Amino acid sequence: MTDYFVHANGLCETDRVGPRTRIWAFAHVLPGAQIGADCNVCDGVFIENDVVLGDRVTIKSGVQLWDGVRLGDDVFVGPNVTFANDKFPRSRAYQDRVPETFVEIGASLGANCTILPGLRIGRHAMIGAGSVVTSDVPAFAIVAGNPARITAYVDAAGHAMPPPRSVEPPPPGETAVVIPGVTLSLLHSAEDVRGTLSVAEVGPVIPFEVKRFFAVYDVPSKSVRGERAHRACEQFLVCIRGSVSLVVDNGHQRAEVVLDRPTVGVHVRNMIWSVLYRHTADAVVLNFSSQHYDRADYIRDYDEFLRLVMTTTAQ
Amino acid sequence: MTDYFVHANGLCETDRVGPRTRIWAFAHVLPGAQIGADCNVCDGVFIENDVVLGDRVTIKSGVQLWDGVRLGDDVFVGPNVTFANDKFPRSRAYQDRVPETFVEIGASLGANCTILPGLRIGRHAMIGAGSVVTSDVPAFAIVAGNPARITAYVDAAGHAMPPPRSVEPPPPGETAVVIPGVTLSLLHSAEDVRGTLSVAEVGPVIPFEVKRFFAVYDVPSKSVRGERAHRACEQFLVCIRGSVSLVVDNGHQRAEVVLDRPTVGVHVRNMIWSVLYRHTADAVVLNFSSQHYDRADYIRDYDEFLRLVMTTTAQ
Amino acid sequence: MTDYFVHANGLCETDRVGPRTRIWAFAHVLPGAQIGADCNVCDGVFIENDVVLGDRVTIKSGVQLWDGVRLGDDVFVGPNVTFANDKFPRSRAYQDRVPETFVEIGASLGANCTILPGLRIGRHAMIGAGSVVTSDVPAFAIVAGNPARITAYVDAAGHAMPPPRSVEPPPPGETAVVIPGVTLSLLHSAEDVRGTLSVAEVGPVIPFEVKRFFAVYDVPSKSVRGERAHRACEQFLVCIRGSVSLVVDNGHQRAEVVLDRPTVGVHVRNMIWSVLYRHTADAVVLNFSSQHYDRADYIRDYDEFLRLVMTTTAQ
Amino acid sequence: MTDYFVHANGLCETDRVGPRTRIWAFAHVLPGAQIGADCNVCDGVFIENDVVLGDRVTIKSGVQLWDGVRLGDDVFVGPNVTFANDKFPRSRAYQDRVPETFVEIGASLGANCTILPGLRIGRHAMIGAGSVVTSDVPAFAIVAGNPARITAYVDAAGHAMPPPRSVEPPPPGETAVVIPGVTLSLLHSAEDVRGTLSVAEVGPVIPFEVKRFFAVYDVPSKSVRGERAHRACEQFLVCIRGSVSLVVDNGHQRAEVVLDRPTVGVHVRNMIWSVLYRHTADAVVLNFSSQHYDRADYIRDYDEFLRLVMTTTAQ
Amino acid sequence: MTDYFVHANGLCETDRVGPRTRIWAFAHVLPGAQIGADCNVCDGVFIENDVVLGDRVTIKSGVQLWDGVRLGDDVFVGPNVTFANDKFPRSRAYQDRVPETFVEIGASLGANCTILPGLRIGRHAMIGAGSVVTSDVPAFAIVAGNPARITAYVDAAGHAMPPPRSVEPPPPGETAVVIPGVTLSLLHSAEDVRGTLSVAEVGPVIPFEVKRFFAVYDVPSKSVRGERAHRACEQFLVCIRGSVSLVVDNGHQRAEVVLDRPTVGVHVRNMIWSVLYRHTADAVVLNFSSQHYDRADYIRDYDEFLRLVMTTTAQ
Amino acid sequence: MTDYFVHANGLCETDRVGPRTRIWAFAHVLPGAQIGADCNVCDGVFIENDVVLGDRVTIKSGVQLWDGVRLGDDVFVGPNVTFANDKFPRSRAYQDRVPETFVEIGASLGANCTILPGLRIGRHAMIGAGSVVTSDVPAFAIVAGNPARITAYVDAAGHAMPPPRSVEPPPPGETAVVIPGVTLSLLHSAEDVRGTLSVAEVGPVIPFEVKRFFAVYDVPSKSVRGERAHRACEQFLVCIRGSVSLVVDNGHQRAEVVLDRPTVGVHVRNMIWSVLYRHTADAVVLNFSSQHYDRADYIRDYDEFLRLVMTTTAQ
């Protein structure tokens, strides 16, 4: 525990600090804090007692980590990033229990952003500089603004993805592969004086027997719906009104497509992690499922999904 | 053929006139016309040669029936109603073939309305006074305006129907009968911060295996879509956006319901005549069918539908 | 009863015809009809039995007057004007009682207009050519379109009024006379970052003690609201949102002003006939009254209003 | 003057009737009327005194031609078409001077339409059945509705034109010929984060020195703007916002194109008759001219234009 | 003045520091500053000379208090909160007079918010994390966003209030008490084809003689209007269009109701502190007053209001 | 290099510091940094190695200047202003090359604003407190918000300009001088039933031969278009739809006018710096140029423009 560095003008009152970690001038770490290896705690940082940092964490200047903050491995905290740990602060009115804030593995908090108390920032998420984060941020999401909204997703490696493709549907009767496990098909459509019709026959187009149907609508602007995978259930999605972005991930590849017309259907197999977001105000997304509702079929944690993919692939 | 009446100031040059028919002053009937029994041809009416009238037809004053007009039994033609038989008239430019105009049994043409050439006015339809009719009018429809649009439907007996009921869905898990063969059910719905969800499970809610799905949208204002019955195919309808009126008819009873929320589904059995109209601009109607597409399954003629119902019922 | 004229090719079966009336070729009047003096019944007109015409009435060609039509003195009926006397006509389905249609003194029905059954067209009203009249028309109103809507008003003598003036409010603290009995005043207003304020002090601006307040809103497009006079009650009107036209009439003069801003108030004394119309969709009109509600204070018939004005003036 | 036909039940009090004209039963022509050759005056038509008809005119039943109506050669008047000759009719209030209504050569008035007083219906115009015509109708225009609006144009021979083409601009640097004398070119355009730019260089794209520029906007819905030709002035048109239909006519050919994007310019040479109509509410049309304004350069009468074209071509 | 604490790595150059106050590492207080008792000045805080702090103030890390900042008792200043004291800063361009910023008793400034120069933050106000405050904040208000807008109010004790109730009007003829001194009543309303009418009779509904009327409209989004009490004047409020939130406070209780329909009136007695905010864009609020305008009748300072309530209650 | 001041609690590891510069407590300057004369580096500031500051720069507390930051003379950096130098930061993922951020002479960065990496803030620009700056800021611009948008411009001396004048066009036929080199003229306009026309004759109104025309539209909200001067080319601008602000600067005077009507043209001579901004969503700006496109004619750098003006004026 002696192979870490504290600047002559820094104060480090804990000794639970990992090797090769550096603590710089005017930084102040209280006795209860716990800091991993290879961390960089810049000038002027303040770290309270009930704080845990993983390995390879960077904390830039002007940051305070209050009681309740937990940072995973490889987290980046930009300059002047501000955490809060009281939702309704009043001077000298102390909380019974301080809410915990989790920043998960590989996430980055951009310069001068503000993180409200009790939130969870998902793995590899990227918080834009100057954002004010008021709700949980899903894994891989990029958020910006005040209040912060999801603007894009990063890929499985945490890098910026190319801009989403507007759907390029395949010729009638064929399907186009987005990533293995996800295919697009063109619905037959007809337009006449009585309006427009989009048709999907079960069999040729929807490749399973439909057991359940649901429609999603009135999604609040820029909210996220349905971040999950299914163990067994397959889905067929049509965006019948407005537009929506679909991110799909098979554990190896990620891609994003914009569904913006009622004549395109997407078949999503089981064991595909999928996210719907960027719903326009008028978006209506139809979902046909190959299974009746079964809570146990849902995987809602990305890490669990990854483990399952690895297991399956390994076999 | 002698028991009909012609006023002293009337001119009747045909003798194909049914018994008890009366032809009044300043009316003029050309030699080729054919008129049924118990008709009333009022003052100043002009009837050309290639014209056929059924029985019990009333023609009020100021009307001309040009070559090509065919009126079924019990038709009422109001005062100054105007037929045209040339779509693009130019003086002394004669057509090779005059288009035929059919006014079917029991229809009424309101005062001073205008009927463009070559149209078919369905049985028991009711044309509002002063309307300009520019397209076919389905059976039982009430139309008004310039150009004329469907504003309502009459019932199977040709009487005004009560105003359509906005849907009063049954309690969850139950169904409500609109008329025998047509039932409403409440879709399970949930609302949370991520938007709203309406769900229909195949089995409990959609009472057949889904073979085909289609969505109808961008219906021109006040157009009609899907006036027909199916021999075998059952349907399950949901109006997921906007609102639409559904008229259903089992050959004995008619009813009209307004579908204006995404949480109500309607199950329409086979051998039910159904009409969708009054689509709002944003209306999207989903249709789940129990059969793959089969042209032979459609009945598009109401009279044929009635005959089939009678046959079936008689057995 | 012999000093009227019937053309050699006309048929007149009644002798209740006033002096100097002329009935032209191919016209046909049934025995029960009653026609005033100095009328002109043009070629091809048909008049049924239960019909009454006042004096100096003109009926142009192509018109039929069916049972139930009553025309006041000085009425003009343009060519091919069409009356109907059955709201839901079916051939040979007769009504127990034919609805009456009243066209009051001095009204004019423009060429080829259509009048639905059972309506009352007020005195000096003017129906635009080609209109389809589906509801009662107030006295002095000009209507047009299909369906017909009020587009303007004529003056007390039945002539076209100048286009309504947009309100030209007087300087602060003064009032402007619209016609005797009706004055405009400017409300004090102030605008700051917190919004805009319009103020009326009782005393300086509202010249009576307020006993009753009401607001009128959600007026269907081009409907008319509040055609009436009050025996004793005074009113102060403000159009707080949108715009509305106010026609005022003291029995001698008529004027029309457009109220289109929330900073103008109109004081309308008792014994002023007033009409509000041309409400924009968002119009909200505030009304302060000097009396509690009293049904007996309302005069809703313009002729009665005129009689009362004359009586009062005579004294 | 004896070789025309009057039915035994018709009344014809004039003898100024052209050869081969037929006048049918219950029709009534007053002594002052003047009727050309080869006309057809159907049953029940009424023609007053101050009326002039050209040759080959057809008047269907139920029509009255009042004092002031003038019909050119080859005019077609459909059944129950209604003319009016008093803008503000009151019974027995006679006008000093009756307004004249002109229906020019080859025009057709559809069944039951209404023509307000004092209007001019241009040559080969086509009035839709049931229309209410409240303003002048340009030559070749097709109008419909209440009030009637221009919906399309017929071609130089009076036939229906194919639907207007949406502009198919040529490749950059080339021009496409619409009809001889009218060419389209693609404006260079660029789009970047600072907005979009459309550029036209004088010389390569605008093929004349610009002497005058004007912009036209806020055109009332479906109005017509600029029905005319220029003797010498050339024009270059760009529709920078919204869309508009351009009809061009060189005296031999007519064509119609829809200008609906700011990257297309149209070069219209001198001696081309052009019409702009179907402006969307937001349409802004830019016009670059090769001449300063000169009233004498405008040809506003289509017949004069045709004469000039013929003269020029003949040389 | 010796019983306060300064960390070994802190710099405190003033001795005007109250008992039990603690000043932590890397904090720096200049000689002119004045700090109350029981304060907590965290790591890295900088306090200039012309600064005054009350008792029990908390200043979290990363905060600077510049000349001109005055903080009342019990104020909470979150981490990285940033004050500015120059509206138009230029390097080395000094102001003649630094603007003062007042944060009143019990207010809380959330993490990383920015306070522009010269503002007043009212007592118990709550500034959301990350907000940018560009205008004065009323007492009890909760603000958020960039720029900061009022989103809610806290109650008299500074706690979050329950969400405002949408108005639950009492049965006709009765009144409902919101808090003592404030009652709701249902206006009589009627709806017919001519629109909707809401009526309030003076006497039964408006419980005082109306001396003054005003309407408020065009309120900028989320602005506040009329934060005040009246010594003697009573008010009757109706929100005739849109919706607005009304906070009422009698010195003992606070409540908030949403006025969102034109059929509800609120009677606010004298000596009630009231706030109108959350005006929708189309909101129009009518105000009937029992007094003519009198500047002296207004209480615009909440503390003065409280003192007056206490005095009155005590008597 | 010895006449600068470092506080006893400050750390300054470079000696490239100009005379009279002061470095305060808890500030830390790394060895590679270079600081001009008369600077003020407040408490707690951190300055990395690859940083250059001009003279008379102020850095308030809580600021870090990372590698790549370059600040011109007279720059003001407010408290807690946050720079970032990595667009996509990940902990311990270092960039090959750090992006440079330039803040030009005289610019001010308001309290707590955030500056994204790699941007250029133009001379005398003013960044509002709390802003998040995501793109380059032109010289003289005032920006605010998250993300920051241009809200106004300062004048040539860096002071706030008076609010822009809405255009007060001169009488017809005259021109009004905005600043020397920029004149307004009224276009002739006419309004009739066929729409509105705005006309500019070349010669009387556009004072040069037109060689090039372009239209700008679909400008993203609050973007800036065309910040530049021309050496030789003259321009004539018309805002035909919507509105836009035009800032003009002849090197001695600046002025801003709002172009908000299609009947006003602005003549901008050569050697005038001009900026168009505040485009409304529907804005369309027409530009007539006296020259064909020539890249060499554009001056896009304001400093170069100033030099050229000075040279020219001096001659």
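Every chain is named by a letter (A, B, C, D, E and F) in the order it is written, and numbering of its residues begins at 1.
The rule we apply is simple: a residue touches a chain if its C-beta (ideal position, glycine included) is under 8 Å from a C-beta of that chain, and two chains touch if they have at least 3 such contacts.
Just so we're clear, the structure is a prediction, and the values are computed from it rather than from any experiment.
Student: Among all the other chains, which ones are in touch with both chain A and chain F?
Tutor: Per touch definition, common to chain A and chain F: E.
Student: Name, by label, each chain that touches both members of the pair chain E and chain F.
Tutor: A
Student: Return the chain pair with more inter-chain C-beta contacts, choosing between C-D and C-E.
Tutor: C-E is joined by more C-beta pairs in contact.
Student: Over half of the residue-numbered contact pairs in common: that is the test. Which of C-E, E-F or D-F passes it against A-F?
Tutor: Having compared contact pairs by residue number, the answer is E-F.
Student: Could you work out which chain's C-alpha centre is the most distant one from the centre of chain E?
Tutor: Of all chains, D has its centre farthest from that of chain E.
Student: Centre to centre, using CA atoms, which chain is the farthest one from chain C?
Tutor: A
Student: Where the centres are mean C-alpha positions, what is the separation of chain A from chain B, in Å?
Tutor: 54
Student: If you average the Cα atoms of chain A and of chain E to get two centres, how far apart are those centres in Å?
Tutor: Whole-Å distance between the two chain centres: 37.
Student: Pull out every residue in chain C that's touching 2 or more other chains.
Tutor: In chain C, 26, 44, 62, 80, 112, 146 touch at least two other chains.
Student: Which of the chains are touching one another, listed as pairs?
Tutor: A-B, A-E, A-F, B-C, B-D, C-D, C-E, D-F, E-F
Student: Along chain D, where are the residues that touch chain C in the complex?
Tutor: Going by the criterion above, the answer is residues 11, 26, 28, 44, 46, 62, 64, 66, 80, 82-84, 88-92, 112, 114, 116, 132, 146-147.
Student: What does chain F use to touch chain E in their complex?
Tutor: That would be residues 9, 25-26, 38, 40, 42-44, 56-58, 60-62, 74-76, 78-80, 106, 108, 110-112, 126, 129-131, 145-146, 158-160 of chain F.
Student: Please output the residues of chain B touching chain A within their complex, sorted ascending.
Tutor: The touching residues are 191, 193-203, 206, 209-220, 223-226, 238, 240-241, 262, 279, 282, 284, 286, 288, 292-293.
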